[in-house]
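Below, each structure is written out as C-alpha cells.
Presented sequentially are two complexes of chain A, the first with chain B as partner and the second with chain C.
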Partner chain A sequence: MNTDTRETVLKVVDLGVSYGETPAIAQLDFEVKRGEFVAILGPSGCGKSSMLNVLSGLMAPTRGRVVVDGDELYLPRSKDPRLGYVFQAHRLLPWRTVRQNLEIVLGASDVPRDTWHARIDEILEILHIAEFKDAWPMRLSGGQRQRVSIARAILVDPSYILMDEPLSTLDEVTARSLRQELTGICQRTGATIVFVTHSIREAVYLADRIIILTRGPAQVFENYIVPLERPRDYDDARIAEVEADIVARVQAPWGLETVKERDVA
Partner chain B sequence: MPDLPLSNPIMFHPARWKNWNAVVSGKLLGGVIAISSILLLWYVLSIAVKPWVPTPEDTVVAIWKNLLSTSFWGDFWLTLGRVMASFVTASIVGAAIGILIGMNEKAEAFLQPLLALALAVPDPVYIIFAILTFGTGETAGFVALTIAVSPFVSNIVRSSVQARDIGLDEMAKIYRLPKRVFFRQSLVPQLVPALLTAGRFAFALSWKLVVVVESIGQPDGIGASIFHSFRLLRMREVAATAIIFIVVMQLLERGVLGRIEKKLLKWRD
Partner chain C sequence: MNKLQKQSLSIAALVLLLPAWWIAHLNTTFISSPFQVARLLPAFLSEGSTWYNIGVTLFRVVAGLVLGIVAGFIAAFAMNHSRLMREVLGYYVTSALRTPSAIAAILSVAIFKGSEFGYILVVAFITFPYMAVGLRDGLASADKGLAELGQIYHLGLFTQIRHVTAPFVAPYIFAALRNAHALAWKVIVVAEIFGAARVGFGAKFEHAWSYMLMDEVHLWLLVFMALVLFAEYGVIRRAEKFVFRWR
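Now for the complex of A and B:
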C-alpha cells in the first residue's frame, strides 16, 4: 500500500452508523485510490447497504468522516459528491429511451452539452449496446438494462461508482458475460469502483482489493489484496484457490456453515 | 397482450381472422340485443306510465328538432363551456393538492382530514352553499363544481404519488437531478395512469353535476332547458335534450380522453 502513488478518491474515517440505539456499523476506516476496483464483502445484515447510503450522500453517518476528492461530506456547507451508482435493479426511467435516460443525468452534470452525443455513442459502444440507443428500457433484456445503468454511472465523470450487487438479479449466463466485461470497461474508462457483493468468487475475479467486513455491526476484518494478475479467468483454478483462502479466513468470524453452502458449493 | 412479433404466423393465420369475425359479430349481436331490449322496455313504460314517458318515436322526432334548433345549440355550447372550465380547473387544482399531500408529510397531516371531509359532503350541499354565497351567476356554478370535483382528483393522485417508485427518487437524488427535472421526468410520468383516471372521473362528474347546477341556479344551459321543459311537462323535450347531451359527453369521454391515454402510454407498447 505504501508504494501506491495514486491519489486518494475516497477516505472513510472512524465511520459509525446506528439506527436509534441499534448499531449497524461499528467502525470503518478505509481508503480507495483513483482507478481502483474495490470489492466489499460481508455477511448479510452486516451493514453494507447502510455503508453505501452513507458513501452515496443519501444518509449522514452517526459518527466519523467521509472525504471525497478532498471535500468532506455532510458538513453544513459541503457540496454533493459527483457519483455513479449501479443499483441492484436498473432504476431507469421506463418512459424515456436509453439515450434520453442518459441525457437526463448528463443535463444535471458538468459535462458540456456539445460533447454529450460523442460520449453517449462511445460509452454505448464500449458496453455493446449501441444499437439500443433509441429503445425503450422495457424492450431490453435484464442484462442490457443493467449495461445502460452502468453506462449512466460512468457517463457523468464520477469520483467513484458504487455498485450494490448489480449482477445478483441476472441469470448466471448474463452475469458471467457482464462480469467478464466489467474489468475491461474499468480499464478503458479509468473508473474507480466500490462493488458490494455476497459472492466471494465474484469479488476475487473482479477486484484489485477486497475489504472483508465482520458480521454486523460491521468493522473491517481484513484488507485483502487479490494476488492475481489480469486478465483473469472466472473458472481458473487459481481463482478457486484464492476463494478457498478467503473462505478459510472468514469461517470463524462469519459463522462457517452459511458461507460454505451459499458461496462455495 | 403479449409482445408478439409482427411476423408471428399465428397472427396472420386465416383461422385467427375467422375467430376475429366471430368475436366482432358476437359483440355486435350483444349490442343489438341490448338496444332492442331497452327499446322494448321503453315502449312498455311509455304505455304503462302513459303521459310521462314519451314514446321512442316521439323522442326521435324531438331529438331531430333539437339538432336543427339554434336555441338548443346555444345552450349546448354554454353548458360544454361550463363543463370544460370546471373540469380543467378541478383537474389542475386537484392534482396539485394531491401531489402536495403525497410528497409532503406536513401537508398530508394538515390537508388529509380536510380532503376526507370534502369527499364526504354530498354535492348538492356545495351547490346550495355556492348559490347562497355567490347568487345565481356564473361564479356560483363554477365554484360549486370545482369544489365538488377536485377532492376526487386529489384523492386518486395522492395515492398514486404515495405508491411511486422510491428507487427512482433515490436515483434522482444521487444523480442530482434538479427538482423541476425530477417532477417532469420521474414523478409526473408515474402519475399518468392515475391522472388519466382522475381526468375521466372529473369529466364525468362535471357533466353530470353541471346539469344539476344549471337546473337549480342558472337561467340558461342544457340543465336549465331540461328543467324548463319539465315544468311545462314536455317530457319529449326533456328526454331528447338529455339523450343528445349524454351521447356527446360519452363520445368526448371515450374518444378524446381515450386517444390522449394511448399517446401518453405508448412506452408500455
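Now for the complex of A and C:
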C-alpha cells in the first residue's frame, strides 16, 4: 500500500536507451515525489548519465515515457522541463562573474527582474559564497565553483534538480562540508532532488530513498528506503550499518570483489 | 610587472635604437641623422596633407579589414555548417592563404585600375582566410557541455550566441585578427606603390624615394611605424585585455 500522499513530480515508465545496437539502459520504472531526495546508485557504466540525459530533456529515449509535473516529455509539442542540473564538472561560464552566471539563468526564466538581486543574495548566502558574488569562476576553488553550480540549479525553483556525481571530483574535506549543506538546502528550499552517485555511503547519508540499479544495461535492482531519521551524522555507526547492508545486497549483482588482504605467512 | 615599469621598458627599447640609427647615418650616404629628422618632425606633423595621406591609407586598411572579417565569418559559418562547404571553401581559403601578398596587390590594382575599391579588396582578400580558418577552428572546438547547459537552462538562441558561443570563440578571433592586421598594413603599402596611387602613405613614400628626398622618406617611415604600433598596442591589445579580463 502506498502511504506517501505527496504529489508525483517525476514519473519514468518502461524507459530504455540504446546507442545503436548497444543497450545502455535495459528497463527503468520509478517515481519521485515532491520534496523527496532520491539517490540513484549504480556501478560505473551502468547507464546513470544516460538516464540523466533523458530526464533532463537532452536525449530522447529509445523506448518508454518520462512525465514531469504531469507533462509528457519528448512528444512533438512538449516543452522542455524546468529543472536544475548540477554537472560533475561545474560548467560555469568563465567569462561571467558568479552573479552574471546566475543572472543568465534568471534571464531565461519568468522571475521578475526587480527580484533578481534579492534572490541571488539569498541563495549565495545559503551556500556561504556571498563574498564571491563578483568573482570570476577561474579565481574560485573547486568547492566554491560547485557551490555556485548548486546555487544556479536551485535558483528558479525548478520542478526537480538533477545531480550527476557532483562531489566526485572534490577532495574529501570539501565533499563532506558540501554533503552536509546539501541536506540543509533541501530542507530549506523543499527542492526535489535526483542525485546520481556510485558512493554507497554518500547515498545513505543524503537520501530518503535509494534506487539501486543493476550492472549495465541498467534495471532497478531495489527501491531502498533509508531507515534513518534526520539529522544524520556522516560518521555515525548507523550509517555504516546501512552501508554494510547495501553492500551485502549488491555484492552478487554488481560482482563486488571482497577487498581483503591475505595473510602472507 | 607594473604599468610604469612596462612603459619605461618600451621607451628604453625605442631609445636603444637611436645609437644604431646614428651609426648607420655616419656610415652611409642615404640615412639621415636622427637629429635632423627630429627637427623636421613638428613641421611635418602640423601639415594637413600628412594627415590626409595617413587617413587615406588608414581608411583602406580598416575598410579592407572589415570586409575581410565579414567574408571570413561567412566562410567560417558555411564551412562549419556543411561538409560540402568545408571541402569547397577549404580550397579557396587555402589558395588565398598561400597567395603571395605582392601578387595579390598587383593583380587587384591592375584589375580595378587603381580605383579605391581595388586597394580595399587587396586587404580584404589577404585577411579573410585568416579570419575564416581561425573562426572555423573555434566553432569546431565549441564545447558540447556548454551547449547542453544552454539547453537545460532554456537560454534562447540569441543569449546562447552572445554569451556562450561568442566568448568561447573570441580567442580564436583575436589570434586571427592579429595576423590579419599585421598583414593588412604590409600589403596596403605594396598595393599603393605598385598601383601608382596618388594619395596614401605608399604613394608619398614612393614619391619621396624616387626624388631622393631622404628626410621625407624617414619621416614617413617614422609616422607609419607609430601608426602600426598604436593600432597594435593601443587598440587591438587593449580590446583583447578587456575581452579577456576574466582570465
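Going forward, the second predicted complex is superposed on the first by the 256 of 265 C-alpha atoms of A that agree within 3 Å, B and C clash if a C-alpha of one lies under 4 Å from a C-alpha of the other, contacts with A are read in each partner's own complex, and residues count from 1 in each chain.
The rule is short, and it goes like this: a residue touches a chain if its C-beta (ideal position, glycine included) is under 8 Å from a C-beta of that chain, and two chains touch if they have at least 3 such contacts.
Since this is a predicted model, take the numbers as computed values, not measurements.
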item: Partners on chain A (chain B, chain C) - clash or fit; value: clash
item: Contacts of A:Arg91 with chain B and chain C, given as first, second, both or neither; value: both
item: Contacts of A:Leu58 with chain B and chain C, given as first, second, both or neither; value: both
item: Intersection of chain A interface sets (partners chain B, chain C); value: 56-58, 80, 82-83, 85, 87, 89, 91, 93-96, 104-105, 107-109, 136, 138, 152
item: Interface residues, chain A side, partner chain B - complex; value: 56-58, 80, 82-83, 85, 87, 89, 91, 93-96, 104-105, 107-109, 136, 138-139, 152, 156
item: Chain C to chain A touching residues, read off their complex; value: 145-146, 148-149, 151-156, 159, 163-164, 167, 246-247
item: Contacting residues of chain A [partner chain C, same complex]; value: 56-58, 80, 82-83, 85, 87, 89, 91, 93-97, 104-105, 107-109, 136-138, 152
item: Complex contacts: residues of chain B adjacent to chain A; value: 167-168, 170-171, 173-178, 181, 185-186, 189, 192, 267-269
